[in-house]
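One structure, as structure tokens, below. Some questions next.
The letters A, B, C and D name the chains in turn, as written, and every chain counts its residues from 1.
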Amino acid sequence: MNLSVNLGKLKLKNPVMTASGTFGYGAEYSEFVNLNNLGAVVVKGLSLNPMAGNPPPRIYETPCGMLNSIGLQNIGVEAFIKEKLPYLKQFDTKIIVNFFGDSIKEYVKTAERLSSVNGIHALEMNISCPNKQAGWSIFGTDPKVTFKVVSAVRKITDLTLIVKLSPNVTDIALMAKVAEDAGADAVSVINTLTGMAINAKTRQPRLANIIGGLSGPAIKPIALRMVWECHKAVRIPIIGMGGIISAEDAIEFLIAGSSAVAIGTANFVNPKAAQDIIDGMKLFMIEEHISNVKELIGRLKC
Amino acid sequence: MNLSVNLGKLKLKNPVMTASGTFGYGAEYSEFVNLNNLGAVVVKGLSLNPMAGNPPPRIYETPCGMLNSIGLQNIGVEAFIKEKLPYLKQFDTKIIVNFFGDSIKEYVKTAERLSSVNGIHALEMNISCPNKQAGWSIFGTDPKVTFKVVSAVRKITDLTLIVKLSPNVTDIALMAKVAEDAGADAVSVINTLTGMAINAKTRQPRLANIIGGLSGPAIKPIALRMVWECHKAVRIPIIGMGGIISAEDAIEFLIAGSSAVAIGTANFVNPKAAQDIIDGMKLFMIEEHISNVKELIGRLKC
Amino acid sequence: MLSADNSLDPLLKRPFSLFRWLDKDIQILYRVVGKLTNILKDKKPDDILEIIGPLGNGFPVIKGKARPILIGGGIGSAPLFSLAETIKHKKPIFFIGAKTKKEILYTYALKSIGINPIISTDDGTLGQKGVITNVLREFLTHHSSPITDYCIYACGPRPMLKELTLLSEKFNLKGYIALEENMACGVGACLSCVVNTKNGFKRVCKEGPVFPIEEIVW
Amino acid sequence: MLSADNSLDPLLKRPFSLFRWLDKDIQILYRVVGKLTNILKDKKPDDILEIIGPLGNGFPVIKGKARPILIGGGIGSAPLFSLAETIKHKKPIFFIGAKTKKEILYTYALKSIGINPIISTDDGTLGQKGVITNVLREFLTHHSSPITDYCIYACGPRPMLKELTLLSEKFNLKGYIALEENMACGVGACLSCVVNTKNGFKRVCKEGPVFPIEEIVW
């Protein structure tokens, strides 16, 4: 049975990765999941300098989903390279580093630094966090700005470059196309949808940050549609994510057109989720007599 | 206790209406809900001529939500006026007619005809159905087209004019502003989010139409955020909807800035939902010592 | 339409046929396939379910002396038992098919009301081997009375009903079939559950679930 | 972190303290407040729950002869019982407060290990009337031994812990408090559960839930 897939020049042993921000820096889940078994580990979003993130409360559960307003708290690129990367490098998996900046300059600087060390296989550019200040969102919602920032990063790195798209747009296929035109090797579809929750009694928002990003099974139908739209629009591979909780979900994303999938909120629901999904995928392939997982990618019948 | 609210010059006895397409033409639910108790009944979207809608399967359940691709099947304006309106007029509630067209001309013609009969209190213009052909979506996603079509309808009707906005846009507050500028008396926020589901085994879409509109509790956090964003952007009243299932949900929408709420998918979950929500709202007001429901509208503390 | 608790997952009520309507009870016969039915199977006596119904129509009892042929496929046999009880004096012929022996339902109860069903299973573990429509075709081909003296009543999976439609055309047979479609409201409001008929889309929950077999466009 | 079934609503696991750790069992003591706890209360013996844990730290047992003062508010008393058992030889003074008599927990079990708790309820239905921090202030104001001979351990609602922080500053008291915050992962990965401390945000699930009282910034 062949489970391997390609993201541009990067080859994954199977299509299952972890979604940034839901798997820490990898070590946090190593008691539950053998990292050697994963297609790739995607770490929490990094910035040039450490960031404190938003005040608590930072999450709130909603029907079949959750809102988060972590606000990109992270230890910064240098600490990651020194303290976290050596641990991850022990494993036979691909290491994908998610990062962001507050300006094109910062995006470039961060990508440069990350490209200068050994052991990182790909960069995932987050241009789509709903927890940042208003104004920041243009990186992921204004096609012109998106083109600029992706092109700038593309110029300075030879690593596989993945652009993580925002679902909070009118036309995500257009954004995928822009990322492709700017030189991205792959797109991640989708980041969280902006949402909100209110305590009716106190009349206060449930999150200190007022708004947050919605993830989990609730958003799966939207994510799946967006993957399909992007699949029709671009030739670069798509990493599908958004509400995947079972192997069947993951396979639906492959069929809709993603070459790999990322497991996010499901890790919280079941700390073994990523492993269970790989196992379930294998079982599905046996039952359905599929020998190569690539036979599923983009094979929607309609 | 005062539950009445205003939508422009239209006064509702309470803020609870039904959402278009989920309550038929009213009669279907009259065994479960006394229509006299509702703030307003909003009927299934009408077009100038009867429409057959999309082939089945037309719905599919998703985590805490559902996809529908009814495709605006309806009996047409004339049959509505002749066969359904007389029944509805018996009740002491406001009758709001949801409608749409395939061109600006058709929007205008339909609105004209509906404005020419007695007993209709308001028109809700649907510019945001995700089940129509590509191309149609510009009515609800391209601000220039939105402005044109709303202005055109505004010119020919004196009825309270509500514009129903699409959530499938980058900036819904902008769309609300455009509707306001074009003369709308109120906006409905939100219609369904475009989604998709796939049968992993057959590799076919779960809906014959491939894509459909996502509704139900799953989308509530997104709807609530959009209401809040619109509330900050416009002065006309907002009708909030999207995943409301309980009185507490409804109150959260009032706090986020809506003057009324519409109950959609919840009617399917509990055919008495609209009534239960009105009762629950009263109970909440008693417990929280609120004498006028208007004290809640837009009173988010942040 | 039935729901089991207040959880929002599963969200919608699910449609079930009435298996039997007793003095103070109603009975449904169900197959465990997914979210709701898995919750149902763990329910205990006296647990409370929420039901709206009865909704839609039922199988019509035809006047005259036409002999009823009942055809049930898998769990589709559920709504046919009540009918069989009601019309047992007409000596119905009952065909039951399923994938395997375990899925052939309530034959014991049928025998107790004097009906000896004709059975087939896909795997041959009970009755004849093969699909029930084949057994029926065989029967019709060698039937003794004029074909117009029969009236069919059927419920089962889509392929079975499609095949039956072909058979009914071929043998010029009248009758009724009960259809399934995904449902949301159950009361005719949402237009989810339409099927295509010679007179346009009709709602399974309201105009159905039983339709004259010749009316359906597959 | 605990979940009760495979339903996606509620979705996330919920954090609970270990009430007691017995030979082959663990016990949790919980208050029915929402979705998960309502499901829990209907569970029967031998039903299966999914738990990951133990996670984070616990109350440290201080060396030396400082006399422990335990303060539990409402369901916040849950994690203090094990501690009380462990350090009963130090003759802890146990303050328990709650809204009303019914919410004063396990006093009987405490008495059985020789601890006679000091109780207050907001409505005066058991023990003194008023909040437990008032009772503690009273006690501290008239304490007999030097204040540094005490070490406090507390868990309870936010206002109680805030008030305790003020008291501990005023009386120069050392000790530990267990905090609550909304959690998603429970293993330190998601950064949901942070609280503000003098050394920046710390995760309740990993560096906590127990923190030195002087470290927290309210």
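Basically, a contact is a pair of C-beta atoms (placed from the backbone, for glycine too) under 8 Å apart; a residue touches a chain by one contact, two chains touch by 3 or more.
Because the structure is a prediction, the values reported are computed rather than measured.
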Far-end chain from chain B, centres as C-alpha averages: D
Separation of chain A from chain B, taking each centre as the mean of its C-alpha atoms, in whole Å: 34
Computed distance of Cα centres, chain C from chain A, in Å: 47
CA centroid of chain C to CA centroid of chain D, Å: 58
Centre distance in Å when chain B and chain C are each reduced to the mean of their C-alpha atoms: 37
Chain C residues counted as touching two or more neighbouring chains: 8-9
Multi-chain contact residues (two or more partners), chain A: 63-65, 216-217
Touch-based graph of the chains, sorted into line, ring, star, complete or other: complete
Residue numbers on chain A that touch chain B, as the complex places them: 62-65, 67, 141, 168-170, 193-198, 200-205, 210-211, 214, 216-222, 224-225, 228, 243, 248, 251-252, 255-256, 284, 288, 296, 299-302
For the chain D and chain C complex, residues of the former touching the latter: 7-9, 35
Partner chain B, residues of chain C touching it in the complex: 3, 8-13, 50, 52, 181-196, 200-201
Residue ranges of chain B in contact with chain D within the complex: 63-64
Touching residues (chain side chain B, partner chain C) in the complex: 21-24, 28-29, 31-32, 44, 52-53, 55-61, 63-66, 68, 70, 73, 216-217, 245, 265, 267-271
